[in-house]
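So that you can tell them apart, the chains are marked A, B, C, D and E in the order they are listed, and the count of residues begins at 1 in each.
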Amino acid sequence: MKNNFMNHLFKKLRHGTISVSLITVTCLFINKEAISQAEKDSAKLSATMTVSYKASNGSRSIKVNLKRKVEKKFIAVDNLKTPVSLYFKSVKEHNPADGTGLVGKLYLGKDGEGVFEIPDDINKLISGLHKYTFIAKFDADPIYEDAEEEISIADSKITLSYLGEDSIKTATATLYEWKDSAYVPVAGAELKLGIKRTFSIFPIGESGAVTDSSGKVSADLPLDMPGTFDRKITIVAKIDEHESFGNVEVSKEVPWSVLPEPIPEIGRALWATGDNAPYVLVFSSLSIIAVIWGTIFYLISLLIKIRKIGRDKSS
Amino acid sequence: MEEPKKITNEAEAIQMLRQYNDDLLPRKFGIVGNTWTALLIIIFLTGVYCYTNQLRYGLSITGMRDFVFWGIYISNFVFFVAISLVGSLVTAVLYLLNIPWRAPLSRISEVIAVAAVIFAGLIIIVDMGRPERIVNMFLHGRIQSPIVWDVMVVTTYMTLSILLLYFPLLPGIAFCRDNLKGIPKWQKWMYNILSLGWKYSPEQYHIVKKAITILSVMIIPVALCIHTVTSWLFASTYRPGWDSTNFGAYFVSGAFVVGAGGVIAGMAVLRKFYPSYKTYLTDLHFDRMGKLLVLLTVVYAYFSINEYLIPAYKMKGEEAEHLHELFTGYYAPLFWSVQFFGMVLPIIVLLFKKGRKPIPMFIMAVLVVVGAWFKRYLIVIPTMSYLPIQEIPEAWKHYAPTFQEWAITLGSLAGALLIITFFVRFFPIISVWEVAEERGVSHETIYKHLNEGNEK
Amino acid sequence: MKNETTAVDSVLMNKYEAMHDELLRPIQKTGLAGKIWIGFLFCVFFAGVFAFYTQETKSKYETISLNNYTMWGIYISNFVFFVALSLVGALMSAVLKLTNFEWYRPLSRIAEVIAVAAIMFAGVGIIVAMGHPERLYFLLTHGRLQSPIIWDIVVIITYFVATSLFLFIPLIPGISQLSNHLKDKPKWQMWMYKKLSLSWRGTPEQWKIVKRCITILAILIIPLGISIHTVTAWLFASTLRAEWNSTNFGAYFIAGAFLLGVAAVIVGTFFFRKYYRFEKYLTDSYFDKMGKMLVFLSGVYFYFNINEYLVPAFKMDSMHSQYLLDEFTGKDAILFWLVFLFGIFVPAILPLFKSMLKPWPLTVIAILVVIAAWFKRYIIVIPGLSHPYLPIQNVPHSWTHYVPSLIECMVVAGIFAAALLFITLFSKFFPIISVWEVAEGDGVSLEKINLLSKKA
Amino acid sequence: MSQKTEENNEKKTREDNSRRDFLKLGVFAAGLTVAGAGLQKAFSEEKETGEKVKVLTTEGKVVEVDTAHIKKAEVCCVSPKESREGIPNKKWVMVIDLSRCKHALKCQHSCQKYHHLSGMNVWLKVFKMQESENTAPYWMPKPCMHCDRPPCVKVCPVSATYKRSDGIVLVDNERCVGCRFCMAACPYSTRSFNWEEPELLSETTGETYSPERGFPQKRGTVEKCDFCPDLLRQGKLPHCVAACPNGVFYMGDMTEDTVTNGDETLRFSQLMKDKSGYRLNDILGTHPSVYYLPPVNRLFPFKEPVAENSDKEKKAE
Amino acid sequence: MEDEQKNRRNFLKFGFLAAGLTAAGVALNKVASGDEGAEEKVKVLTADGRLAEVAKSKVESSESLSAASKHVRQGIPGRKFIMVIDLTRCKNARKCLEGCQKMHNFLPPVEWLKVKEMQDSELSGKYWFPQLCYQCDNPPCCKVCPVGATFKRSDGIVGIDNERCIGCKFCMAACPYSSRSFNYGNPKQVEYSKNHPLKSCHTMDPNMVGTVSKCDFCPDFGSKGILPACVRSCPNGVIFYGDENEDVVSNGEQVLRLKDLLVNNGGYRQFEVFGTKPRVYYLPPVNRLFPFKPDPVEHNQEE
């Protein structure tokens, strides 16, 4: 049913846009020709692709970064013309050639970066595997040589607990890895605790803390840290760029009694919008205008009166 | 130089009124007048052309850039607002003070005021980056902004000035309608419409008198407001040189000076090209206006001293830089010439009786007016260059108006003069009935005479 | 025609003869009420002298409540008040005279004597405020031309001399009359009259000289009056303090001074009229005119107040906001708004009603204006001092709130009493209305006036 | 003509935020049932390129999709009306650590680039400052201060510039009448004016205008630093903060009391206490939202730049 | 305590005439300064408390006993005194103030040197701020003085001649830093001054009733290369003092290059915007040595 609907949709679209597509192709062709001219002059450039993995509260994403070396310095690639494709290696039909197993395609941004968010469905699908490998690659770019990069991630899990009754409020995080069909605590891994803020995570506890034998790290929360206006605060536990787990992050919203400083209201002020002018100003200016323009209209009525008198007399 | 004698004898009065009317009816321009008008039209049209360029290419055709972002348009605007105050000065203040010699001057000053205030409004639109959005002023006007206050008072003042010009003009228009022969149809039609069916009836006359009194009382505070608010456009900022509580009074007093100068210049020109006006614009008028100009200039000097000496005594940070530039720096030549020619010299010359003759008066008046224009330049422009200016091209630091900017500004000045010129061409520039009234002619006699003219 | 004028003359002559007699009455004898009044003033004055003696001999910590932050207290604000009051001489006798407002004549001497008393005790008031009054002569030996205080001293002395002359010269004919006609007076008094009359015989040469002196003084005294108050304003405006950092101060002070002066003359006129029974000469019509003047001057003063307060209030920078907010809504608000109400709004609005232009109501208004004017100076000088740029810390609590001490109040009251005493005693020795000036105003010739004084 | 449109289209496709692309693709891949009407509307405006990709579905099936559909919808663009309200429950604050600035000008370049600023208009300036003869010269980056009592907003006659609840002062260049009073009123000279028709960079043509982004610019209107509210809405740091190599800029939300320069996250109040934060010309009572940390123990010795502005000057001439 | 005071007193006495002029008072001082008794011997009290006899001409200050003399008005030749106050080190110990009060013989609540609690804006950190006369190079106080009682000297110091001061207090109104005091004549103070035998050549000691006084940068020490009282009394080395011409300042322990100190630590002057050009620089309170603690005591509550 679903597929039918989609196919129907696609067909309809294809018919409607053939001519435009043709032009696009021509245009691409012209482009390509121009570029191939350039290719003749110099060989394709080589670029280094780095791929990193991130799991945040169970949702996964892959970040692709493309750099190239110019005079011993790495700079971001901002002119990759072709999209980067991401494949999931464990899918049986995986075939880079015909695109099977493709998770997605994406054009890199100007900073040479792009993030593949793994869709929920695929995420669910691969969750059971506990070990996953992704391949990012692009080919046939007019400027850059083809590149391919693979990343393998072992399954891990962070649990986050919070003890907030006493005057000392503590957050504890435990790191587990999947070993022999069960999650077991990991010791000696650098596990960071923090509080979620708009742009970043405010670190709490000692910096560089590693998990103990039971896989735990704990830290006290600063008691004067303001939470949200609805009395909540989000604590975060994460590992960064772990060699086998990648980036894993877990957050938890907990009740918090410290309210932020209220945002000052602009109210009726000189610097407010026109509707919010101070009453004194509105009142005084309107009254002055009313008096003066009232008189002006009275004077104009006098003009009319003069005219009326003129007419009366002449008639 | 005695004041003209009062006339009580009716026959004499009628005789005099006849003479007045013959003398004062508008007439066709001679070659000089036509050349002058043509010249003004050319300058004005050049300005208009340059303005269309500005509309096309934006304000980039001007010499203004960030940092010095208000240029001669704004200083010209301030100048126009200043000169427009003369209407309220001569017409209203002198009227209310019962100064006996003011009647022949009132219409000259009022037409200058109207022309100036119209072009003040226009030039501020010229200065806008987005003139088509002037409508936003009404859609989204913020009462907190001094610009909105300025828009309100300029409109109000314009209306009041036009009314103050129009009310006393009614009998004059009617008289033209009835007595001008051999004029084109459209002109006749214009007089017909504008005279509002004026029948020289006492009721109408009474209404006019009443309206003039109301207007005279009302126009003074509005005139003070218009210039005070204009000064607040500057004084409400933090910039050195503008951050002054004195600005209101300083601007108003300066405005009276330039206004009086404008009227004197107008009087001298009219007297020169209409020899018959000598009877009305007598040496007495020049003498009195000369004294008035001295008084006004002295008052202006007082405010100028307060304006410059108090900060100069303190020589505070950025203000010191500003004052040094004015007193001894880049702007010093202009500054001292303006002070000398626009203030000191007129005071000295006009203190002497010989200085209060038409020709020296005319020269002094022109000096005052030109000095006043540059004074506004000095108020507006130098102040804008005292914040750390870096990372910008050298050319941006020193403002110099471009040719097109000058053309537009001169065009606006020509436009204002054009209004005055056309007015002189089509309407009596001296109010017959007011002059007669001043000479003690009773209202009844005036009606009688006017009716007689009507019958003719 | 000629008969007619002689008839008018004789009526006038009779009038002035009667006036002479009546004017001599208060000089001839003093009633009980007058004696009590003079005695009372003497008591207050001596109390003030005693208070000053105490202040100078005892520690100033105990006697006055000035401190390192509020270093200028009511002595200075009172000084400003007196300087303001002294401007009335320039206004009433000179400005009105030069602008041909003839009705000033009977009031000129009242105004002049108020001016002399005020400027005299302004000088005394400033000595009282000094830490080392005995070092006053240092101003001569070590004077620095750069200091506004020196400017102030110079203009105060000049103005004092000029006003005294302005009081004395028109008085000469009057004194000669007194020495001719007064009877039963102690020898010294007669001797004084004789000496002071400078052998006045009323010859045309003498008259000519007197007239010329008066004209020169009338012209001289205006710039002097303006400078004395402007320089006094600059004492404040030349500092870096936010609350006084205003280029508007000169004009603002002068406008206030004129308003205060007119109010003071109204009060003086009222009491002289009432207690010397001069209703015939100081008629209701003077109150009518003075009331209108109050309205006009309050309007002018209002204009400068607007500039003074609204321009910084629009910006509300941290330097100004502290004291502005204190004045608008904070701890000084009640005083501030009361002063505004009685010092500006009441005199601007109430005299617009005809019924308020009668002597009684107008005097009440004028007294309110005078009191408000005193507190206005208090507001200008004192509240701002408790908001310096750097915070006030670690000082006794009393240093942050200035409340004048008893000694200070007594000294100020003493100064007031002395000024009033001067005015009262003057009126007990000299005619308070200048007969010849009034007569001259009515068109009586000088020979007649001479005749008059001889005849009587 | 149509070819050009195609090119633009193509370019746009590449420029667009890839995350959105992917999301959309994901939607397709999952074969989610989306309301037909909405989809149709979305698709009817798009053109196919003919290039196909295959995607894995949840059932493990492969579906073929046209690349043209791997394209996100319009960049989030807030309407002028919404942009007047401000991001709820936020109060932005910036801290500039003067001891770290070495005039690298990366902040300025990034700002210019991402706001598509052309010509001479610079939103973020880096000034050489020296308070008095004996004291040290230092570099001072100067964005708009986003004052809590903005003198520019006070004087605007038409509410074209306005103060939002989150502290940002914005300019709506569809409302601005170009009177330049705000420029006169601003004691920090942060505003610039579009004196001529701005050289619109091609990627901005056809973009919907929003006061939150400031482009495309319009001739005869005022513009200035806007704190990048479009990024703030997405929880991203403004361009200058992200671009600075030395961590000079800290950005944060006052209600959260933290600021970050991307590398480190600090308590705002603590930072103010420790480093003696101050505001520029605080005495004017404008209450800026930008705080400075004094140039004490500077990380880099002060060096005058070589040949400053030579190219710019040329351009202006 | 008493010993210490005595020592200081002795120290002060050094260089001054001890006996002859004690009783003579102001008038005599003037006379004394006039005559040139070149070889007249005078007794002076040395630092260690002994009396010594020296030729009058050898005593530097004897020529200039009257503050009105030209020498004092000109300043110490070749000097350009300068002060740097490091706000990171101040913890409101108030020892500078005590030292100053002892040295210059005045009693609270008069403070020539104030320690204020400052906060630059609502959210900025609080800090302690020692504030004294800034000896501005463009002094607004000197501008307004009607009799030249306060004057600018070549060594940078703004002096007051309290024998010339007429007590109009205009200089106090003109000073934007409120750093001047007026001697209203606290009875205790009057008594104290009366009993105080010495009259410094360069300073306004003892305070004279009805005149203005203020921090004077201790020029009589400066002329001998001794640091001012406040610098020496500060336990935390907050205040650095020196000669700008030598480009070196010292707080008693450290000796530092002036330019380096200012440049490295972001030195600034209070209210640069007034254009007064103070000779006192501050180093901003960044990374303060002592956490800010509000002062529990309100000082000088008694008059």
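Rule of thumb we're sticking to: a residue touches a chain if its C-beta (ideal position, glycine included) is under 8 Å from a C-beta of that chain, and two chains touch if they have at least 3 such contacts.
The structure displayed is predicted, hence computed values, not measured ones.
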| item | value |
| --- | --- |
| Steps in the shortest chain-to-chain touch route ending at chain E and beginning at chain A | 2 |
| Each chain counted as touching chain A and chain B at once | D |
| Which two chains share the largest set of C-beta contact pairs | A-D |
| Label of the chain whose CA centroid is most distant from the centroid of chain A | C |
| Euclidean distance of C-alpha centroids - chain C vs chain D, Å | 64 |
| For chain A paired with chain D, centre-to-centre distance based on mean C-alpha positions, whole Å | 16 |
| Averaged-CA centre spacing for the pair chain E and chain B, given as whole angstrom | 61 |
| Gap in Å, rounded to a whole number, between the CA centres of chain E and chain D | 53 |
| Interface hub residues of chain E, defined as touching at least two other chains | 140, 143, 272-274 |
| Chain B: positions in contact with at least two other chains | 140-142, 144, 146, 236-238, 313-314, 316 |
| Multi-chain contact residues (two or more partners), chain C | 148, 238-240, 314-317 |
| Chains grouped in pairs wherever the two touch, ordered by label | A-B, A-D, B-C, B-D, B-E, C-D, C-E, D-E |
| Complex interface listing, chain D residues touching chain A | 2-3, 6-7, 9-10, 13-19, 21-23, 25-27, 29-31, 33, 36, 39-40, 43-44, 46-50, 53-58, 60, 62-63, 66-67, 70, 84, 89-91, 148-151, 153-154, 158-159, 162-163, 165-167, 232, 235-237, 251-258, 260, 262, 265-267 |
| Complex interface listing, chain D residues touching chain E | 98-99, 131-132, 134-136, 138, 268-269, 272-279, 281-283, 287, 291, 293-298 |
| Chain B-facing residues of chain E, complex | 138, 140, 143, 272-275 |
| Interface residues, chain D side, partner chain B - complex | 120-122, 125-129, 151, 154-160, 175-181, 183-185, 187-189, 191-197, 218-222, 284, 308-309, 312-313, 315-317 |
| Contact set on chain D toward chain C in their complex | 149, 151, 154, 282-286 |
